[in-house]
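Letters are used for the chains, namely A, B, C, D, E and F, taken in the order the chains are written, and counting of residues starts over at 1 for each.
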Amino acid sequence: MVDLYPEKLVTIITTSMLEGRLVRLFRERGTSGYTIVPARGAGSRGEQTGLDFDANILVEVILPADRLDPLLDDIKRLIARGHHLTLYVSDVSVISPEKFTRPFEG
Amino acid sequence: MLSNLMIPAVLFFALGVIARVIKSDLKFPPELAKALSIYLLMSIGLHGGVELAKADLGSAVSAIVWALLLGFGMPVIGYGLLTATRRVGPLDAAAIAAHYGSVSAGTFLAAMAWLDTQGLAYETYPLIMLAVMESPAIVVGLLLAARARQKVRAAAGSNGTATTNGRGEDTTSLRSLLHGAFTNGSVVILVGCMAIGAISLPNAMDKLKPFIDDIFMGALCLFLFEMGMEAARRLQDFKRVGAILAVFGIVMPIVGGAVGALIGSLALDFSVGGATLVAVLAASASYIAVPPAMRLAVPEANPSLYLTLSLGITFPFNVVLGIPLYHAMVTFLAGV
Amino acid sequence: MVDLYPEKLVTIITTSMLEGRLVRLFRERGTSGYTIVPARGAGSRGEQTGLDFDANILVEVILPADRLDPLLDDIKRLIARGHHLTLYVSDVSVISPEKFTRPFEG
Amino acid sequence: MLSNLMIPAVLFFALGVIARVIKSDLKFPPELAKALSIYLLMSIGLHGGVELAKADLGSAVSAIVWALLLGFGMPVIGYGLLTATRRVGPLDAAAIAAHYGSVSAGTFLAAMAWLDTQGLAYETYPLIMLAVMESPAIVVGLLLAARARQKVRAAAGSNGTATTNGRGEDTTSLRSLLHGAFTNGSVVILVGCMAIGAISLPNAMDKLKPFIDDIFMGALCLFLFEMGMEAARRLQDFKRVGAILAVFGIVMPIVGGAVGALIGSLALDFSVGGATLVAVLAASASYIAVPPAMRLAVPEANPSLYLTLSLGITFPFNVVLGIPLYHAMVTFLAGV
Amino acid sequence: MVDLYPEKLVTIITTSMLEGRLVRLFRERGTSGYTIVPARGAGSRGEQTGLDFDANILVEVILPADRLDPLLDDIKRLIARGHHLTLYVSDVSVISPEKFTRPFEG
Amino acid sequence: MLSNLMIPAVLFFALGVIARVIKSDLKFPPELAKALSIYLLMSIGLHGGVELAKADLGSAVSAIVWALLLGFGMPVIGYGLLTATRRVGPLDAAAIAAHYGSVSAGTFLAAMAWLDTQGLAYETYPLIMLAVMESPAIVVGLLLAARARQKVRAAAGSNGTATTNGRGEDTTSLRSLLHGAFTNGSVVILVGCMAIGAISLPNAMDKLKPFIDDIFMGALCLFLFEMGMEAARRLQDFKRVGAILAVFGIVMPIVGGAVGALIGSLALDFSVGGATLVAVLAASASYIAVPPAMRLAVPEANPSLYLTLSLGITFPFNVVLGIPLYHAMVTFLAGV
């Protein structure tokens, strides 16, 4: 049997305008990486059609459970300032937990 | 008058609107819209640069000064009108007003196409104004929003709950916002291509002509086709905006057009064509550069409001009725 | 510690042709929003290459557990009519559960 | 004959096929294909509109009537042939048949390019027929499918299990399907651009010429390059379709070509070039408008089947062999 | 109440260059399908900007729990050879488990 | 000298660099870059094909032979230099070296644009060399990597831990890698379009002229604009690469340019323009075809290293300084 180790997956859906801010945040929090997928959608602020000035991104970050809270606090702060972020946390398992402890490059 | 509208650029815009209204499944790939707008900015930038190399410095400077005044002044007028409607909070008012101080390259290009069909010449200075006016309004929007936040706080002040956005400024630092305003993509392409057009060797520029001249009108039509669909999509949010705000979306460009016509005709002493373009600049509302900036700088404001107004109401109004109207204003002033 | 609240995440993978139908469904069911990501893939009906006439979408909807069943019933009805939808439900946690109870705009 | 195929449009199609066959990692961005097809439809639409403004109403009307007849008739023939093969169920047969009543703009454009190299002139009426024929087949496909569902139900009827799709109609209401058929993106672009071409001021249209004329052939080549790759990808699903169905994918366009050649030559009295285009319309199978419509309207049918047949077999057959073949048929009829 | 059945969801984030290899692997392992979404991101090898020569994909595969290990073994083998794959496994529920037992076409 | 750089192609490249340096939010849609590079390869391929149909077989063969020698030889030189720096492991060295044996179409096109503005003619043979040189370096890279793996294993050998990549070859079988190298997208477009250009009927090719000729320079500028941004993004990773490796990114193309200048001038006896193009081929490093190949074939190597070197350092060096430098070398040799 392949050994699996628990991690947290944070998924954030928000305007593409916040991409730079989020990446900075991930770097500060020392996450081992992040993944971004282009998205559209609708929510409390109407439709986000995906056009340049109106696009969403879906961002995924895998991180150890003990690093979750600081990141969520940062996000809550963004939301408190009026930014719109849809966020959910899932429990996932990975095959190489050490991969998610080293800060990413670049 | 109606026959004035029978030019492909306007007709393609209308086709886009119709496609949405009849609920066609037609969709443009989002990247095509973006590619077309990069191309259009590149073309007018290069063109403008070639002309500007021959331009008169004094006229250029006064065009820039008036552009700055328009960019800073229009949002203030807009904010006043919006506050008077009592339909939106001060933060929404600030964000909406910012759009009207900036410009819409699509409207500007439609106006150029319209002038061409009318056989009217125009100066190149409005092109510099287009580049100059992209950004200042963003700054005014930020300042208006900062003031609005103080008001909101003052109103809520007595109950003593410290909100995390107490220091509204840290939402986006002024410095980073100014940086964003003046390095935004459209400004970089426009100003950069003007510079390239101005300093390139003429025989090298000739090789670019087919790309930037010949296929320009077709690309513009395709772009307006897509923007027509986008405008109609927003127009359908009309109810959400409310009738009074919708009226603002038409009154505001008329006010802007009148101010611009005066400046273009009297202050800048441009030809009828050139003054019409200045009126169009003042009348048009940004829907490309300003919305993302407001999302960052005034996140509390509702994007549905400002996108519906600028893209769904003011943009179609300008393309279909505004351009000939501002031309009429300018013609009237020329006759005075 | 940041408080987290349980929600359900429904992910649907299907042809882009069904986008309009699904959005209508979400609106009827009063979900607070939805997110769409362009996708390709393969399944029981061969490859979906992502070209215009042959594209998939991946749709995510977060909703309270008590609203799950009506939505799943709707989807089952679409499948029964012959439509091809790949669907899975995950347990996720969110920081602001009230966000997912208000119907979306537009 | 072989030298007839030495035109870039066909060679690019072949290059696309080869790229796939040798398993090259070459990939076109999906949005490029979409952008090219929007551009091509826009160009031929505008072109057609300009010509149609000068056209004869009577001829136009009879072209439209024959286009409708072809659009409604070909799927019925196709459904008959498919049922005779006994290789597919009635719902798959309905969905496949619908593709052959509609048309492939790519094939049509390849035929125009081929006629141009042969120095053969053609009327513009086939262009209206192209726009008219996009949609009716979708409706016929739906009706055939409704009938098929009744049959399926009748067959399963005795065992009394109520299936949720008992009321096949509610899969997609006829009304919404008709709406979809006549507002589909290709139709909107084609018809809209024809209208724009017809009503625009001529001097305004001149500005569009470089965009819609000069770079047209290059864009077509790029489009056919990509479609060649797509066709080859589908062609590799050949085995899944089975030999008899594959034969249908070749026989059906030949039947259609013959019917079209007769209508073009005798009923519509077109020139050899024009009649060849009518034959190509009748022979070609849609792979852009109809597949999505069938996904919605006949979800029970297997898209692999209809995409493999229309895109993997009929499309390459038409581009490489069909066009000269239909031209030969028409030439033969002209000599009679 | 709608019945739900447990499945495993494997999500893989890696360079688009490995797409062909992964699809071959899914076919060999008899998964019932796969879904691919274009992505960018950053990790231990710096930024993947999403440009043609530098793009990521996010791949999702739903499969029964008893088929998980062979697939993870294959992936581990790829990683051991130097390839960079970010992988996580989630527990999901589906409405029609039989769908995920038949190998995909094409 | 400075005025030599005042051509739009170079200026657009610089504008892209500046846009990044000032941290503009300007972004090109990723698919636009891809679409432009497909277009550019198609254009030069067709063009080359037309010319090659008239070319001399002997000269073509010797151009191909020298191209192969360059493609196989440059990576060996590069590997030697890199190993001498002692800054990278053997697998990274192999992967980096492979990039320098292949070519950059963007650099080649910028060189053609530069020669055009200088009024210098050039032969078409370098175009075949461009197509030929895309792939061999990939194979050399693989062989160097295989050797490196043996070394690594030998070094680690004594401790007896069997690593799963013990059989380095199975990382990517030689056969599949060779296949990948010779069917990669750029090669297919270039070679395919050359063939189409060579065998198409001349009057059919004329119809393609506006697409492949007239708008070419504009598309090239747009492409270099985007590549400038991409180069600057990589350049910012400079520190990660380290000063010595960065020096390699400049020395290596100078060495390559000198070798290419000698071959172009003396061995192939080309004109100054043609020999400059050969020098550019030898000097340029691939950033489109080789990086993906190395990701697959040498996954252990760090893509940041080779992308920073080829795209962030060598590419801008070549476009801005290299091209005039290689021209000077060739001019010097011509005077000898």
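Everything below uses one rule, namely that a residue touches a chain if its C-beta (ideal position, glycine included) is under 8 Å from a C-beta of that chain, and two chains touch if they have at least 3 such contacts.
What you see is a predicted model, and the numbers here were worked out from it, not measured in a lab.
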Check: Same or different for chain C and chain E, when you check if over half of the residue numbers at their contact belong to both copies?
Finding: different
Checklist line | Most distant chain from chain E, judged by the mean position of its C-alpha atoms | finding: B
Next item on the list: Among all other chains, pick the one whose mean CA position is farthest from the mean CA position of chain A.
Entry: D
Checklist line | Geometric centre distance via CA averages, chain C-chain B, whole Å | finding: 37
Next item on the list: Could you put a whole-Å number on the gap between the CA centroids of chain A and chain E?
Entry: 20
Checklist line | Chain centre separation in whole Å, for chain F relative to chain D (CA means) | finding: 42
Notebook entry, point to check: What whole-number Å value describes the gap between the mean CA coordinates of chain A and chain D?
Noted result: 45
Next item on the list: Send over the residues of chain D in touch with two or more other chains.
Entry: 25, 29-31, 34-35, 210, 214-215, 237, 240, 292, 304
Next item on the list: Identify all positions of chain E at which a residue touches two or more other chains, and write them in rising order.
Entry: 37-38, 45-47, 90-91, 105-106
Check: Touching chain F in the complex: which residues of chain E?
Finding: 15, 17-18, 45-47, 49-55, 77, 80-84
Item checked: chain D residues within the chain B interface of the complex -> 29-31, 34-35, 38-39, 42, 46, 179-180, 183-185, 188-189, 192-193, 195-196, 199-201, 203-205, 207-208, 210-212, 214-215, 292
Next item on the list: Over in the complex, which chain B residues touch chain D? Could you list them?
Entry: 3, 6-8, 11-12, 15, 18-19, 22-32, 35, 113, 116-117, 210, 214-219, 221-222, 225
Check: Touching chain C in the complex: which residues of chain A?
Finding: 11, 13, 37-47, 56, 58, 68-69, 72-73, 75-76, 79, 86-91
Notebook entry, point to check: Given the complex with chain A, which residues does chain B contribute to the contact?
Noted result: 30, 33-34, 37, 163-165, 170-171, 230, 233, 237, 240, 287-288, 291-292, 295-296, 298-300, 302-304, 307
